[in-house]
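Next come the structures, one after another.
Okay, so chain A shows up in both of these, paired with chain B first and chain C after.
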Partner chain A sequence: MPPTSLFHKTDTLINFTDQQLDARLASRGAQLEIGPFTVNVALKFKNIRDEFIRIYRDYPFYDNPVVLDNTIRIFGRNFYRQYIKPQAFVDVGMNSDFIPLPASMGMVSLEMGLNWQVASACKQYLMFHAGVVARDGVGLIMPAMSGSGKSTLAAGLSYRGWQLHSDEFGLLDMESGELVPYPRAVSLKNQSIAVMKDWVGQVSDNAHDHFTNEYHGTPKGTICYLRPPKASIEQMHKRTKPNVVILPIYDASAKPAIRPITKTMAFFRMVMSSANYGDIGEDAFRAISDIINASDVCEIIYPSLEDAVSLVEEFVANKAGDGKAGGDHG
Partner chain B sequence: MAKAITDKNILIRVLKNPELMTSLDASEWNDLLREARISNLAGRLAADAESLKMNDLLPAKVQNLFKSFTYNSLSSARMIRWEMNRVMRALKGSDEKVILLKGAAYLDKELSCTRGRISVDLDILVPKKRIDWVEEKFIAAGWQHQLDNDYDQKFYREYAHELPPMVHPDRRISIDVHHSILPVTSRVSPDMSKLIGDAVKSKSGFYTFSDVDIILHSVVHQFQDGEVRSSLRNLLEQHDMLNEFGKNADFWEKLVPRAVELGLTRALYYALRYTHMIMGTEIPDHVLADIRPFGPNLIVRGIMDWMVPGVISPSFGATGFARWVAANGLYIRSHWLRMPPLLLTRHLTIKFFRRFSMSG
Partner chain C sequence: MSFFLWDFIKGDLTILPSTQSFDRKLVFHVPDNAGLIWSEWEDASIVYDPRSGHTQVLNEFARELLALYEDGPKSLDQLLAEFSKIIDAEPDATTTQNIIETVAGFDNMGLIEPI
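Entry: the complex of A and B
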């Protein structure tokens, strides 16, 4: 049973059966809550609904109308585009024209639409292009560029006991200084798909149920989505203060290593990873300064997911052993 | 009739009476937020709630969204002010007035209509003889032209009232450099030397039009040159400025005579008619009486009364085919007023065929 949201204390969650959820998605839409955001999702294509239900069925859905952050509607614009040569048109309710994808791309259009809504409109939280996970009072931010393996690393940690906040949208509440979980489906690309299927397979008997179909030939190559672990979905309102920043570097030929970096470098990498730093301005500067002051920082270089997870756990354990993690020294 | 239609619109109702925000249910909030986002007025709602100190009375989710809208509009104002600073530096040594237009002018004069406002570009105006000098200075300071299409470049230079838009690659705010408030091909051509002559210097070192001329420019932009479709924000700005400038009795005495002097009476007629009809703007009776003779005949007025409220905001009155007719009628009207028939035919033909070659 998912916890009650922070935002709608009086609102009621509904436990849909798959058939009920399908019917709601096909008609007026279902009010899906992911972390701090609630979105009304309406899907006119059966194949997209099936994938959606597989990934999001354990998330909270609201029954009575609640104030929404966004609406997203995916449909064919006419009879030809709905039934003959199906093309998924994405209406994100924001005056933005999306290039429609073939409906066979399924979840890709939905996930891209949800990404766009958050990336372009969210200014109330400081946003990092980073993998973020938490465990036992440790809030870990891993800022990185696309293709650095941060999604794989965040997902990998989450299937080894960490709480997944997000694989690419780190959010910070600037008033409380806490990281805000936003556990969306994890977007895996190309070779990381097989890596994660194996990784999840090691801890789950029905690993295939955690993944969507693989979509080939997208602008980013092959894409597949992974459902976050159940515990991370249930803890979507559990916030943690950040106190570790690790810059991950994937290099297939490297020897695994933890390398020191200066806090100044970590500060600038956090600034560079933030999509809304410039818009938020002074408050964002202060928030990142506070994070870096409170954090232990390093860079890790690794040739495999297994190595990366060991390095992260080693760094965190040593710092905790020193009594340093979370301290505000430096 | 039009009044009844627009009164149903939740965005208009809340803009006219922001206290309503304290009594909306979730569905009404969703309608309001959707309308406001599409009309680019979300930041305005947040600013109204803030200035009435009623944030604490709103749903927690709305307070959270309003934070986002507020950061957005503050950021927009900061970027425009910084761009003004860069423009001032690039045009140092100008011996002619550099006049801020539209959003930048409102910001510079700290008008009430800038609260919560988002601007994405910066408009300035200089005398026509200075326009090449300004272009050279901008290019020297690193700005670049955005259009590389020959037809677009030529069209701007020959027929428009501005240079093709330029951006500085470090900042990405589009700059439009105008030499007139209407295209050179337009049916009406106000004497720019009068407008420039009356422009006043502000604290920032730039100039802005006089209060009366600022309103007339907004009005012309909306009802003569621009698109009426989804232009609720423009109408709201006119409403705000009429309220703000109108406190000065002098303003009302000058307004209609100045429109007559510049040949902008028809646009002013529509602006006063629709701000009053839609936003409930208080306009002195004698001003309404003075502008009435400049209105169109009853048939045209009837058509405009149906079209304008029907399309000014996304969910007003007209839907489906009726909305399509109204919106396209107003689009063609704005072009009709902008250029002579032969040029219009040529322009729309080129634009039409380009849709096939530029698809994707």
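Entry: the complex of A and C
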């Protein structure tokens, strides 16, 4: 368990054994904290609980009572669907109609539900579809479309010493101007799974323990989830102001390169990546303008994860050389 | 001389209206309650309109034209006359057409309105 001093509600933090956590997940649910959100997770299927515990066991869990942001429950809708061709029905406590997935899809249903809750209900933070990492006062946002490799790059950086904020949901506190970490399991797809298994294997003796099973045949192909590094979980409340925006482009045949872009282009890529820019309005415009004003911006094109990490570190090092990196805001 | 104007709200791209029927005598102005908010960078200006929630990017040419409307109400002919003073020449046919299209774009996006 990480040091409790790093978490918000230390008075009700609880140290579950895996068995205790399994029992709680199977019954009334366990209250899981990920960054700014606390969600009650109840899982009726044993295989999903096993995967969940493997990925989330190092996260803080709370005993009653805590204020919950969300609840999520995954269960078989009736007796037959619990045991015969089991289907995982996802109840996110909202007016939503998820098509049940085969229970064998395990974590896909849970992560899909958590994504839905944040994407549809989070209005207090400006949200970017972006990989976000931080290190030594550098808050790096990498806005990109699905399939651009941003999850792989964010995860890759996090396993080389960067703090993972998120591989998918960048959150900005518009009052303080700080990036808010939300270090969920990293969603890896298709070829990136093998890449990340090799990448994590270079720094961990038990790399397989960091990954869920691979789920084949999803609408996005094969999916596998990766646990963020322990340091990123421990630092889930350590915020950083954004000061670098990099647009990542994966191209297997490209020569690795850092390309300049205009601030206007970076601004609109941030706007287009934001799920709630239109809902928030003026404050969102001001917040993105502030980010771009404070940031060095570029585009990187890369054929491999190793190249991408090198390009990011080169760009950031040059920025640090210019004396522009700010301080931490933990 | 070219210009571009994008409407990026929720990914929609505004199609500029036809300028065939643009009334040159109409006097346009930027409404007092527009409250436009600007971010300006080296290559373009970005304006947020809190009334519509729309975000537009204007290049230097379009920004200059809107600035003339911010100075006070004008008909198209008055705008062309002021623009001529700025460039110290009569705008050619292409430039004039660009100006008309830009003004029509402003009108379509609600950045200016007729009095």
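Here is the rule we go by: the second predicted complex is superposed on the first by the 313 of 330 C-alpha atoms of A that agree within 3 Å, B and C clash if a C-alpha of one lies under 4 Å from a C-alpha of the other, contacts with A are read in each partner's own complex, and residues count from 1 in each chain.
One rule holds for everything that comes next: a contact is a pair of C-beta atoms (placed from the backbone, for glycine too) under 8 Å apart; a residue touches a chain by one contact, two chains touch by 3 or more.
A quick note: this is a predicted structure, and the numbers were derived from the prediction, not measured.
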item: First (chain B), second (chain C), both or neither touched by A:Ala207; value: neither
item: Partner chain in contact with A:Ala26 - chain B first, chain C second, else both or neither; value: neither
item: Winner by number of chain A residues touched, once chain B and chain C are compared; value: B
item: First (chain B), second (chain C), both or neither touched by A:Ile14; value: neither
item: Touched partner set for A:Ser289, first chain B, second chain C, both or neither; value: second
item: Chain B versus chain C as contact partner of A:Ile258, first or second or both or neither; value: neither
item: Partner chain in contact with A:Ala275 - chain B first, chain C second, else both or neither; value: neither
item: First, second, both or neither for A:Phe267, with chain B first and chain C second; value: second
item: Residues of chain A that lie at the interface with chain B and also at the interface with chain C; value: 278, 281
item: Contact footprint of chain A on chain C as seen in their complex; value: 6, 8-11, 37, 39, 41-44, 46, 48, 50, 53, 55, 57
item: Residues of chain A defined as touching chain B within the complex; value: 6-8, 36, 38, 64-69, 71, 93-95, 121-124, 276, 278-281, 283
item: In the complex with chain A, residue positions of chain B that touch it; value: 25-27, 29-30, 33-34, 37-38, 59-62, 64-65, 67-69, 71-72, 74-75, 78
item: Chain C-facing residues of chain A, complex; value: 262-264, 267-268, 271-272, 278, 281-282, 285-286, 289, 292-293
